[in-house]
Amino acid sequence: MSLLDVKDLTVRRADGRELVTGVSFTVGTGDRLGLIGESGSGKSLTALAVMGLLPAGMTAHGSAVLDGTEIVGARDGKLDGVRGRAAAVVFQEPLTALDPLMRVGHQLAEPLRRHQRLRGGPLRAAVMAALAEVRLDERVARAYPHEISGGQRQRVAIAMALACRPKLLIADEPTTALDVTVQAEVLTLLDGLVASRGMALLFISHDLAVVAGVTDRIVVLKEGVAVESGSVRDIVYEPRHAYTRSLVNSAWELEGELDRMAP
Amino acid sequence: MNPAGAGPDDAENADRAESHDAANAARAGSGGSAVLEARDVGFAYRKAAPVLTGVSVAVSPGRSLALVGESGAGKTTLLRLLLGLARPSSGRILFDGGEPSGREFRRNVQPVFQDPYSSLDPRQRVGRIVSEPLRSLRLLGSRDEAGDRVAEALRAVGLPADAARRYPHEFSGGQRQRIAIARAIVCEPKVLLADEPVSALDVSTRVRVVELLAELGESRGMAVVMVSHDLTVVAALCRDTAVLERGRVVEQGPTLAVLGSPAHPYTRKLLDSVPRLSRAAGAGGERASRPERP
Amino acid sequence: MKRSPTFLIGCVLVALVCAVAVVSLLWLPYDPSDTSGGRLVPPGGAHWLGTDKLGRDLLSRLMVGARIALTVGFGSVLVGGVLGVTAGLLAGFATRWLDDTISAVLDILIAFPTLLLAMLVVAVRQASLGSAVLAIGLAMSAIVARLTRVLVKRVLAQDYITASRTSGTSWPRVVTEHVLPNIWPTLLVNLALQLGLAVLAEASLSYLGLGPPPPNASWGRLLQEAQATVLTAPTGAIAPGVLLVVLVVGVNLVADGFRDLADPTRRRSR
């Protein structure tokens, strides 16, 4: 059985408008799937629906089974056990994901205490180990979120997501707000962590080159509909759907000149 | 894609020599043919570390210059200085060899901003937005003239003439950026200063706006200065590139030379960081960057 | 373009109060200070709404009160609006220290009780309708100024302002072309709210003898006077209360309607 099985997922607004329509995909243990689409394609809503975190007024229909638990229609209390343990999310803007009034070390300790029931010395050691794992200095533990850089904050957010030892990591545009060089570092880090832990990855982005770099398969979303899915290679070299073709061609076009100058 | 118009190799080599001269001229401090120039410019807020130190860049008519760097490099500050919105703490900004002020300067140096949502007044019709420079600079002979010139500018950016009667919110992000470009070119400026003009746009829209900017620069003999962190856009649009790191220009010259054979380690790092399809889904289909799975 | 029904209802309500005020200038059932009607006569017969505890005709007093309510409401909004928007614009455009200074003054003014302010104004001038309008307007101006300042700062941070500046637009023109058109709808809705509060504030000032002196009866004074007899003669309190609600709701609906009409994004979606 796959870790995440999404079938015919539809997200509706209160006024009945469909923002995501009949999207289906599966993520098996250790799989890496990319969701790609332009603004308004419903890619982020799909991720939120999978976690049972849709904003108020929106409803999910269809089915999304995460690690054996049906998320669509489930009560919030039931999902608490699934979130974190089965899947954890890293969002685009790390500053809003961290509590501004709490030192980084404390924030990081919270999920460790909850999920791994650590206390005292072992907890401190686990916090330091978690920081080391995302290549952050121990001193970061004593800093407040606004005192560290955007890249460091995103590393902290990743460390917090990993602290629950999830089987699936959902990353929603995790590097879009970062500088290119920092983006490259964070992507390399994420790539290594997912591989070394055998985690599954659901990576959401508008940037085809980024998605292609960290995932194996891609689902292309357009206005809430999955128009095409396939291996990275097929999507990038043999796109079948007209929309995928235009997306891929645009990416190649932009990159073409740079590839010619600096192969 | 080749909107910058760089053709066969020999033409490019000629370019390269030419813009080497332009860059050298800028660095040497002689005005040369530069229309807009920063000469040994420094900028610091009171009691704070300098944002810019000894920056010299120049752009000549019909050419395009990219200011490349990451957040905190001072790109946007440099752009504000070039726009005459702030004065440098040291050094000079020169427009046509003179002071960057007055009506001629305002008319000839026009900006395009990153965010197509905040750059258009939501309560004005597009026609009024686009004609603002004409009205503010009193460049109009008659009332009808405004309508004609707005229509001409809208046509130049590929929007229908009836767009003038509509409001900004009726347009998509890419179309709004075209409206902002129409406003910038309506008074036929010599220099267009664009701050990350396409980074808020979707990829397919991005390509078209880059093409538009390149074409406008070419057909109108406008100099284009573009601030960007995206090297793919820079390679597609700009002939010359200046790389900024922490307020200093670490490398500059023809884009072909700067990106093709980067001399400074920071340029190389920037270049290596660009996510690329050609690497991600390389010919073999296997990613080299991926560590072995256990 | 279709006007919304709520806007029309608002117009009708405000027009109603204005009509009463105008009629009171030309015709009144009785002299509002005539005490010959008999004390606390119930509604009906010769006195449609009855009389108060001194025997004055309630309807006549209400009609005269409409004039005062409108004068106080619109007068203090005019004073508060002009002063507040000017100070707010100044603070919004000012350099750091001037902005800080204006903001500090505004904070003090807001912390100052309206009552104390009114006593100061009365001490300088004397208790009259004009003094009440001035005092309430002054107190209001601080709140309006603070709102204006925030709205102005938000607009000034937009790129279209920079674009406007780089095409050589002068600051005064930036204000009339971009700043005011973008802030007045929000200001208007706030001023409508303030108008209701002003009418109520006048009631408390009158109660303390700081408002327009008798025999001019404002609705606030009618409300206060009816307090003691509210159980035996409820009309005395209900009638001015209902008119007050009609005016406040009417003005708010009109302001909302204007805001919607001014907003191109809402206009389309209607």
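All chains are identified by letter, namely A, B and C, in their written order; residue positions are counted from 1 within each chain.
As a convention for this text, a contact is a pair of C-beta atoms (placed from the backbone, for glycine too) under 8 Å apart; a residue touches a chain by one contact, two chains touch by 3 or more.
This one's a predicted model, so the numbers in the text were calculated from it and none came from an experiment.
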Separation of chain C from chain A in steps, with touching chains one step apart: 2
Winner on C-beta contact pairs when A-B is weighed against B-C: A-B
Most widely separated chain from chain B, with each centre as the mean of CA atoms: C
Whole-Å gap between the CA centroids of chain B and chain C: 51
Between chain B and chain A, distance of the C-alpha-averaged centres to the nearest whole Å: 33
Contacting residues of chain B [partner chain A, same complex]: 1-2, 4, 70-71, 173, 202-204, 206-207, 210, 229-233, 235-236, 255-256, 259-260, 262, 269-281, 285, 287, 289-294
Contact set on chain A toward chain B in their complex: 30, 38-39, 150, 179-184, 187-188, 191-192, 195-196, 198, 206-210, 212-213, 232-233, 236-237, 246-248, 250-263
Residue numbers on chain B that touch chain C, as the complex places them: 83-85, 103, 106-107, 109-111, 113-115, 118-124, 129, 132-133, 136-137, 167, 169-170, 180, 183-184, 187
Residues on chain C engaged by chain B in the complex (per definition of touch): 158-160, 162-170, 173, 177-178, 181-182, 262-265, 268
